[in-house]
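First the structure, in the form of structure tokens, and then the observations on it.
All chains are identified by letter, namely A, B, C and D, in their written order; residue positions are counted from 1 within each chain.
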Amino acid sequence: MKKFINNPENVVEEMLEGMAAAHSDELRRLPGWNVLVRKDAPLPGKVGLVSGGGSGHEPAHAGYIGENMLDAAVAGEVFTSPAPDQILEAIKAVDSGSGVLLIVKNFSGDVMNFDMAAEMAAAEGIDTEQVVVKDDMAVENEEDRRGTAGTVLVHKIVGTAVEEGLDLQEAAELARHVIGHTRSMGVSLSPSTVPASGKPGFTLADDEMELGTGIHGEPGMERKKIQPADVVAEELLNNVTADLDVKNGEEVVVLVNGQGSTPLMELYIVYRKAAALLAGRNISIHTSMVGEYMSSLEMAGCSITLLKLDDTMKKYIT
Amino acid sequence: MKKFINNPENVVEEMLEGMAAAHSDELRRLPGWNVLVRKDAPLPGKVGLVSGGGSGHEPAHAGYIGENMLDAAVAGEVFTSPAPDQILEAIKAVDSGSGVLLIVKNFSGDVMNFDMAAEMAAAEGIDTEQVVVKDDMAVENEEDRRGTAGTVLVHKIVGTAVEEGLDLQEAAELARHVIGHTRSMGVSLSPSTVPASGKPGFTLADDEMELGTGIHGEPGMERKKIQPADVVAEELLNNVTADLDVKNGEEVVVLVNGQGSTPLMELYIVYRKAAALLAGRNISIHTSMVGEYMSSLEMAGCSITLLKLDDTMKKYIT
Amino acid sequence: MELTTNDMKQWLLTAGEKMQDNKEYLSELDQAIGDGDHGHNMARGFQEAADGVKGSGEEDIGSIVKSAAMTLISKIGGASGPLYGTAFLKASNEWKDKTSLTQNELAQGLEAAVEGVKTRGKAESGGKTMLDVWVPVVEYVQQRDLVPSELAAKAKESMEQTEGMKANKGRASYYGEESKTHIDPGAYSSYLLFEALAEALDKEEV
Amino acid sequence: MELTTNDMKQWLLTAGEKMQDNKEYLSELDQAIGDGDHGHNMARGFQEAADGVKGSGEEDIGSIVKSAAMTLISKIGGASGPLYGTAFLKASNEWKDKTSLTQNELAQGLEAAVEGVKTRGKAESGGKTMLDVWVPVVEYVQQRDLVPSELAAKAKESMEQTEGMKANKGRASYYGEESKTHIDPGAYSSYLLFEALAEALDKEEV
């Protein structure tokens, strides 16, 4: 394991100290908690937006704190859901009395910890709503689909909407609407290593890729010989467009996400093919995002996320 | 070599197509050339800013096209300087009659190709000035110092300044002033592989790091056993502060740059220590940047860049 | 049998030691069909809970277990944090103000714990989770005269049987059929927990 | 000797073949003390230049060489692009409107080329670069009766002597003392270039 760390046990603490120091104009840390909060939160009259999860997915989620995005991000240990008391502090810090929306990725740990936090918040008289992002098509059973890069689109759209005055129920409804129209699928070339364990999360042969690997290295759908970028892009895109049932004339947001060590150059090569295929099917791209939005430490790989737009969502895309 | 590419010979072309498609709101490609140009260039009355170099350093340089930044970026083959005719096209596309500033990283290939382009531009009646960034302290002889992440600070500061009306001479002078106050030093943990060669650029033992590796894998100053992040940060920072002669009470910009596959988490851990050391010496941080600004494909490693500020520069930092 | 305040403390202390001693093994189990953090999560949480016990005064069983529960909830994280935390929290409600438990009272607390885990995890036994140890162990405590060695054997046997089950909850579910060739990490940590209980009760009888 | 338009074309065609044939080797040399792209750069550039020659009509030597120079400048890239490009461009000025060159005229063109490389690269011979082949070869052409095999031998010998020199220009300079154990890639490609010239002249004499 070759990493710039001091002690595997302190990576999250030290990362948070670094983030708080580097971005003190925009955010602050809740003293004693692994929670970063928008500097001017709570914003009077605005629904608070809280997300979080295991660390190791940076810039998710602290990187999405700010105007038209999150009010707070809760950081768990690497690839491990944060505990309810941490989440509760985030909720309390951003609630202006208008309630707090919790944006959770669908992993059993995250869902349970956010559930408990919501119960604790209720006991303290704070309204919350919880939405669970399930965009990862690699899992067959819809209910078990993991939350991945699509989460960022929920942050963005709902973040803008609550800034424009949506109330808690409306925000939750919009978030569920976005989630219902978002699908992702990834492919990995090499694993990441969690500092505490020091061992790679999985192994792949030198000429192998895995379709559908989860953002923590959870097993995907299939391993096969590595394919040219265009073939990979087409396979990912076909899967998501089929499941979303995107049709001729419709409009989408495309997000090509890097998992950690895949160069931006390769992401653009993948994007190029995806864009060409969409153009060929007369599906127009409203917004394109190419980069590391939801990483998995130094995993090599990428994913394609598609959001099928309608007017409800479009007005909140800035 | 595990990469999402189609054919090693087409990576730059396909990347550029991807970039142009993804960011058609902000930039356009010059047809037939490996040049991306700000959509609204040339801007009447404004000095044009052109940078470029070998590909593989994304987001450098096309990612820095935009308001208060570059007007055009020229992309060479991977880690290979672009040719003069490409650069000339960029110059012609952004010149509004106010001349064009060329921001070049100090590699002999880049300098010679930009020199030739400037001569060709002169032959066509276009004024240019060329500034050569030499921030990489790993090279002893000052004249031979390579251009690395510090280049981005030149883009930003001079980009803002020309938007506010500086003329070509003033812009070149300001750029040289910024360059004179900028130093970087990096450390690498693993090499990158240029698609065309398919082989890693260098090799390091499992427990080894190299201080001062260049952004194309050029040899650094020293190889040694990998150290804790705090020790690494201190060594890098001490080197740059000493060379810049930053003193008690002065102000700096800090850029912690990721070389490709180093997770953001680690960059923040390195930043944390650098910030703490600066605070301890009563040097205040005006602006912090943490992320991949000048990458080297999938190289693992990071660098610290410091810019020693004065009022001349400060007014152009937004 | 009788379980005193001291026995309860001993249970938690021994559990802490066992999680620490088996940290690497638990994480290895989790590496195979999960994300490899279970041992670190459990060791971190139970260590803190044990530290809390050491620092506690002459309290009743309910408050000792409740404060352990809160520690587990806040320190384990992941999926097992809310589950173990909820289990101990539900049990602590049953053990409020008590300074000693009969077997029946012990069973009532454990029953509440199991219900808590099922609700929190939206799971039943048979899904290759910690429940596949908890459910048979609690049944044993409800239905038989508790003999510590038998209790430990029941936990061990149940844990071993999770090898061969197909996971349908938690991360292991993503492994599908492949999950069958491995013991569930949460089942293993639950076995350690009940082995610690058996040892705490055993000491008492000496 | 006499060098006709056809010989000039042959020189460029043969050079193109040699760069292609030695692409991997040149890049290997560059991998050791540079960035490993020299072979790819040279093969790409000279291939295009050779293609241009094939498509050219009955032009004079000056214009053939000039258009090859422009191709080299725009297709090689890196450090060697401007250097080889400048070399041929400067030579083409000397050979304007000529359809055949005497040895003296050949020497004048090569001399201008070397001056161009020195100015463009701010370099002198002895710095472990292509100049360490160009300078001795051009001196030979200036001072002796040109014998193709001797010309090739001079180029080869000069190329070999770059092993042992310490680089002070270009990427190789970052390698310091280490650069001494390797042949300079640009010197090797220049040797190939002059070997191609020797072959072109040799054919003529047959």
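Observations
Methods note: a residue touches a chain if its C-beta (ideal position, glycine included) is under 8 Å from a C-beta of that chain, and two chains touch if they have at least 3 such contacts.
None of these values were measured; they are calculated from a predicted model.
By number of C-beta pairs in contact, the leading pair of chains is A-B.
Chain centres here are Cα means. That of subunit B falls 55 Å from that of subunit C. Inter-chain spacing, taken between the CA centroids of subunit A and subunit B, is 29 Å. Centroid to centroid, with C-alpha atoms defining each point, subunit A and subunit C lie 32 Å apart.
Subunit C and subunit D have CA centres that are 77 Å apart.
Among the residues of subunit B, those touching two or more other chains are numbered 78. By the definition given earlier, chain contacts exist for A-B, A-C, B-D.
Remark: subunit D residues 27, 31, 35-37, 40-41, 70, 73-83, 85-86, 120-121, 169-171, 173-176, 178 touch subunit B in the complex. For subunit B in complex with subunit D, the residues that touch the partner chain are 54, 76-86, 107-109, 112-113, 115-116, 139, 144, 146, 194, 196-197, 199, 201, 214, 216-219. By the touch criterion stated above, subunit B contacts subunit A in their complex at residues 2-7, 11, 14-15, 17-19, 21-23, 55-56, 58-59, 63, 78, 189-190, 206-207, 209, 226, 228-230, 232, 260-272, 275-276, 288, 290, 292, 295, 297-298, 300, 302.
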